[in-house]
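Just below sit the structures, each encoded as structure tokens.
In the two complexes that follow, subunit A is the common piece, with subunit B as its partner first and subunit C second.
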Partner chain A sequence: MTWLPADTSIVLSGALCALACSVPGTLLVLRKMSMMGDAISHTVLPGLAAAFLVTQTRAPLPMFLGAAAIGLVTALLVQWVRDLSRTDGGTAMGIVFTALFALGLVLLRLPAIEHVDLDPSCVLYGAVETAAIDPTTVFGVEMPRAALINGIMFAVNLAVLLLCFKEFRISAFDPALATTVGINATLMHYILMTMTAVTTVAAFETVGSILVIAMLIVPPAAAYLLTDRFGVMFILAGVIGAASAAGGHIAAIVVPEWLGVGDTVTSGMMAVAAGAFFTLAWLGSPRHGVISRLILRWRLSLRVMREDILGIAYRAQEQEGPATLPPVAATDAIARLRRLRPIIARFALTLLRRRGLVRGPLEQLALTDRGRAEAARLVRSHRLWETYFSHQFPTLPADHLHAPAEVLEHLTDDAMRDRLGERTSEPSVDPHGRAIPGASSGES
Partner chain B sequence: MKRSGLIAGLTLLTALAIAAPALGAAALPPGLLERLERVVSLRDYNTRIVIAGVSLLGLAAGAVGTFLLLRKRSLTADALSHATLPGIALAFILATAMGGEGQSLAWLLPGAFVTGVAGVGVILLIRHTTRIKEDAALGIVLSVFFGAGAALVKLAEQMPKGSAAGLDRFILGRAASMIAADVLAIAVIAVIVLLVCTLLFKELRLLCFDQAFAASQGWPVVLLDALLMGMVVAVTVTGLQSVGLVLVVAMLITPAAAARFWTDRLASMFGLSAAFGAAGGAVGAVLSALFDGLPTGPIIVLVCSAFFALSLVFGAKRGLLLRTVRHLGLQRRVAEQHLLRALWEAEEEQGPQSTATAARLQAHRSWSALALRRQITRLRRRAWVRLDAQGGVGLTAAGRVEAQRVVRNHRLWEMYLIAHADIAPTHVDRDADRIEHVLAPEMVERLERLVAAQEGSAAVPASPHELATPAPGGRS
Partner chain C sequence: MSRLSQAALPSAAPSGRGPEHSPSAPVSIHDLTVAYHRKPVLWDVDLDVPQGRLVGIIGPNGAGKSTLIKAALDLVPCVSGEVLIYGLPFRQQRRLVAYVPQRESVDWDFPISAVEVVMMGRYGMMGWFRPPTRAHRRAAVEALERVGMADFADRQISTLSGGQQQRIFLARALAQEAQIYFMDEPFASVDAATERAIIAVLTELKDAGRTVLVVHHDLQTVSRYFDHVIMLNMRVVAHGPTREVFTEENLARTYGGRLTLLSEAAEALAREGRAV
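So, the complex of A and B:
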């Protein structure tokens, strides 16, 4: 693969387009209105056609005005259809945007407009390859026109965002609160709709009107999985979008080379790259990713298993007396556990041995002193919970006390245990008549 | 909201009414009548094929769309239709690589089906394993799959063997390329869809209206849901060729949404929606055959949208016109009853048979002079109100009976609020003001019992609070 100056222009244009899209996109994702971006990116087509019919020119200003107008019209129509037909917002959007898109396709076939270069497939796919090369000169510096337009769009969006940062934040999370503190949430809604429509027009030459939604939605959705902070989400969305543009273009060069064919659609590859970044975030996000949550869940079940083993060993020794070794009942119980979750049980046992809480092989498992202290704390939590429940719900049958205590014992820390002891006035036996280990037994 | 909605609806209709002939005139070819005759009499083989195909498609889409709409899954159909594009391209590449005929629908449609289903699967996966909401999940699948499809179509077009030219016809649709075999395929799908919907009507209804209940009754909810989405994918895939993947969602939801305005019964909605879909397809195909250069798919969608707009305004169950008329009727009754009560209270204050001046009544309710005059005229026509020589307004005997009922309802409700809802006597007037018009006789009976008023007797209890005294100088 060879890198030409044109490649730099394409990546620059695509990245600026992604940056411009990331601002309204993040707000759309947070307001749960992503599909509004989809709807508007479709309805831009009749907006452009109508603007052309009125002005008979393809100059940028009328096109932008047409787009801004159609963005507002779409938002208003969706609102009306939803309120009047009492359907869900999705249906209203689907009805409105298909009608307007169909109207746009018909308008494009009118004799008055047919000769204009508003090819529907160009509107859909965009032509980042040619748009990026088309140069223009600003202040004596030559740059690709697409990069210039998207760059200006990004600057404008950023300015609007910074100007109304607080207002956007409140109305993104809680429109009702925004209204009560005196922010016009409806106005913010329509500002966002206009921003989306105008950004879409700027972007449609670069990535095409349908793929705009990839740049609008996918990077912000990936950012949403990576952070819980409003401001950071914008930065991450912008970075991921720009990286998708670069990665998409590289893929558009490399993948056809592998397959031995000429070339492919760069904007499509940019969307695929954005999808790949989203998948990475989906799997690998530190807090919300699939992998980290699997690990978290596995660690939790490991801890529960460890504590269950300790509890079983403690209870077995309690029944058979501390002198009796090996505790036969414990062996039985652990064998049962091993059949249930064999890998986790074995792993938990290894961990317990390494930490010096138990010793001996499974058949002669014995608690060490530290292990017994740990187990006593656990059993104390369990039996205090049982006592607490029997006090709180006197009508609850005795055989219903065990199950909730079995869950809660793993989630009870020292402070909670002390408070339980106070609330149940430090009983010595639990409702089943078994001794509750004393508060000090943990430290022995 | 209601009024602005009415204005919006009427504007929409007017715009349609103006735009349709204008569009027609712009493309009006010479010899339209002969053409109309040719098209309507189905003399051309091609026209016949296209009309039959899109009508059947509309029928199937309208039928299955009913359930889609009620399950609030409209945009899922949009995402899945976009997700079919990579499947089409991949199927072409695969078929060509294996030496088959890549353009054959027997390859392309199964490919579309597979990635369409995969798209729906990814949407569900994103929703269930992340905190991302439905809307963003739809947007992600729609855009990424479509992007991949666009890239793959371009790759397919450059394959050394086989011509992929025209694969992009699935994006915007090209009904004219329909052949008899396609119509047959659409007919088979339509029959299957109608059959499944009819046989499983009860189950699908339960799924739409109360999924949790269906699950608790032991119905295989997941299976039913999968069946419904499977039918949606099948209809979408068959519709790709004629309407295109961007607009096929309109065939599914717009007729169903239009049908919703006419009925509250699922069976009628189902039939109506299918009829709207079929009619939309037929009318659209006829229109595009009549006028040169009108693309079939978009015209069908516009016809369906026109059905929707008409239903929105004129619908017999939830139409805007009907609702507005009802609303205005209620408003009028409320205003009449308010005037009656004002007159009754004036009589209470000034003695029986007395009259009140217009100024006094106006001060009573901040009526405009015009509105008050209109109310008085209306009540005089009913002989409930009379004017004396000085222009004072008073109740007739018949009007007094009606006024007595209204005032009694009002005061019963006030007493109820004071006695049972612990509301201060100074604060009950507003609440009672709104409910006095809609109290049913049974409700009045219960109120009588609750506040221990004399049952059956029509006597009006005294007002539990001081009556607002209108501005001085307004008395007659």
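So, the complex of A and C:
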């Protein structure tokens, strides 16, 4: 892989575009209006065509004004279609944006426009490669035009966000309250729609109108999984977006070589990279991630298994007396657990031995004094729950008491167990006539 | 009490009762009618809420209880009539009013901490573009202390229980330091401890001369909690001190399901309206 100055320009342009998109994108994701970004990114097309028809130039200012206007029109039309017909918001968006987008494509075929270089395929897919090379000079510094436009866009979005930080926050979280305290949530909505439309136009040349939705939505969605803080989400969305731009471009250079295909589009790879970052966030997020949830579940299974083994050993000893070791019933029951969940059962046994709660090999498994005290607490919880249920639901058959108690014994802490003892007036035997270990549960 | 008996009549004709309204009433509702998609939800509501009372708004589902609050707060358009806050439209009196919406009305997965939610109660005092100051933060923490949630200030709100979330909403209303508090079902699916905590705070507010209006569902607790009730079923069935108004007869009329002439007319209007 060879890195040319042009590559730096492309990554710079893409990263600034992603940063610019991350501001309205984060707000759209938080307001659960991601598809509005999709809609507006399509409807800017007729806005641009109309702006050109009126002004006969492709200068940036008329283009941005056209985009801002069409952004508002889109938002208003969606609102009207939803309110005045019986359609929901998603359907209303689908109607408005496809109609306007198609109208834009038709406008592009008008003779007055056709000779102009408003190429539909460039609009759809972007041309970061050419846009980034196309240089422009600002204050004597030569830089890629796409980087300049997206950089300005980012600066403007950031300024609006910082200025209206609390207004955006309250309008996104609780628009009704915002309105009652005098912050116009509707106005904030239209500011966001305008920001989305204008940012989309800036991003047009870089990533195209189809892929701008990826930059608007995917990095903020990944950030949403990673943080519980409003401000941090903006920062993470920007960082992930910029990383997607860099990663996407590198992939666009490297992947075709691996696959032996001719060429690929950088903007497409940027979207793929953003998707990859989202997948990583989905897997690895500390609180909402798949992996952390798996670990949590596995630890719970492990604890339940440990407690079940203790309970089995305790009950076996109870039946056969402490003198008879090894308790045959316990060996059987634990072996059954090991067949059902071999890895967890083995790990649980190892942990129990290491903590000094049981000793000896499986065939001669014996509770230590500490293990018996721990097991007694569990069995006490179990039997108190059975007693409690038999009091609460006198018509429940005795064989229905075990299953819920088996679940709840693992969730009962000391305080709950004490309350349970009080509520059932400290019985000495459970509904099946088995002894309930004492409240002190230290009997060794 | 002539107005009371008049309002209790099932077919009281809408008429201007302007002179009977007091300009000093915290909430004064004048001939209010609200409709969603041509279907009337509130019909000719006309009453004054007295100062310093804990007022329960009760009625069956769809009776327009939440709509009454929202109309008072300018959140839904009124077909006719108006709501005055101490004699002036709500727009001019925002600072005097605090609002607790239904708990389900917001997304509790929103990336925000408890104290930041409470701080929102003070956004109206800050002015546009101004960030919260340390004094606002202190006020937010004090509001959290009053509802016993100070230890949870920095917790993300989805990690809180339903009762704790409701207390956060109450703290946010307290942070608004208002004269009038509108609360939409603050007791809906909260634990007993939270219910006690909330009613204690509401009673404190009342004793401090504030006016508190609460949309309420549990008829068992109405006479214990509220010294004033508005019994609503699209129109005001009865309104006044709980001891006088909260009677078997009025309850039957509020919840009876018996169609009054007006609600029948409303149904017909909605049907016709759709056909046109």
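FYI, the second predicted complex is superposed on the first by the 404 of 444 C-alpha atoms of A that agree within 3 Å, B and C clash if a C-alpha of one lies under 4 Å from a C-alpha of the other, contacts with A are read in each partner's own complex, and residues count from 1 in each chain.
In this text, contacts are C-beta pairs under 8 Å (C-beta built on N, C-alpha and C of every residue); 3 or more make two chains touch, one makes a residue touch a chain.
Treat the numbers as computed from the prediction; the structure is a model and nothing was measured.
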Side-by-side fit of subunit B and subunit C on subunit A, or clash: clash
Answer with first, second, both or neither: which of subunit B and subunit C does A:Ile344 touch in the superposed model? neither
Examine A:Ala99 and indicate which partner it touches, taking first as subunit B and second as subunit C; both and neither are also allowed. first
Which holds for A:Met143: it touches subunit B only (first), subunit C only (second), both, or neither? neither
Given the touch rule stated above, what does A:Leu163 touch, subunit B (first), subunit C (second), both, or neither? second
Does the superposition put A:Leu53 against subunit B (first), subunit C (second), both, or neither? neither
With both complexes overlaid on chain A, does A:Tyr224 touch subunit B (first), subunit C (second), both or neither? both
Examine A:Met35 and indicate which partner it touches, taking first as subunit B and second as subunit C; both and neither are also allowed. first
Most subunit A residues touched (candidates subunit B, subunit C): B
Where does subunit B run into subunit C after the fit on chain A, at 221-229, 257-265 or 419-427? 419-427
Interface residues of subunit A shared by subunit B and subunit C, listed 32, 224
Would you pull the subunit A residues touching subunit C in the complex into a rising list? 30, 32, 163-167, 169-170, 172-174, 176-183, 224, 227-230, 232-233
Per the touch rule above, subunit C residues touching subunit A in the complex are 70, 73-75, 94, 97, 99, 101, 105-107, 110-113, 116-117, 120-121, 123-124, 126, 128-129, 131-132, 156, 172, 176
Can you tell me which positions in subunit A touch subunit B when the two form their complex? 29, 32-35, 37-38, 42, 76-77, 80-81, 83-88, 90-91, 93-95, 98-99, 101-103, 105-106, 109-112, 114, 120-121, 124-125, 208, 210-211, 213-214, 216-218, 220-221, 224-225, 252, 255-256, 259, 261-265, 267-272, 274-275, 278, 282, 288, 290
So, in the complex, the side of subunit B touching subunit A is made of residues 1, 4-5, 8-9, 23, 26-27, 69, 72-75, 77-78, 82, 126, 129-133, 135-136, 138-140, 142-144, 146-155, 158-159, 168, 171-172, 246-247, 249-250, 253-254, 257, 260-261, 293-295, 297-299, 301-302, 305, 308, 312, 318, 320
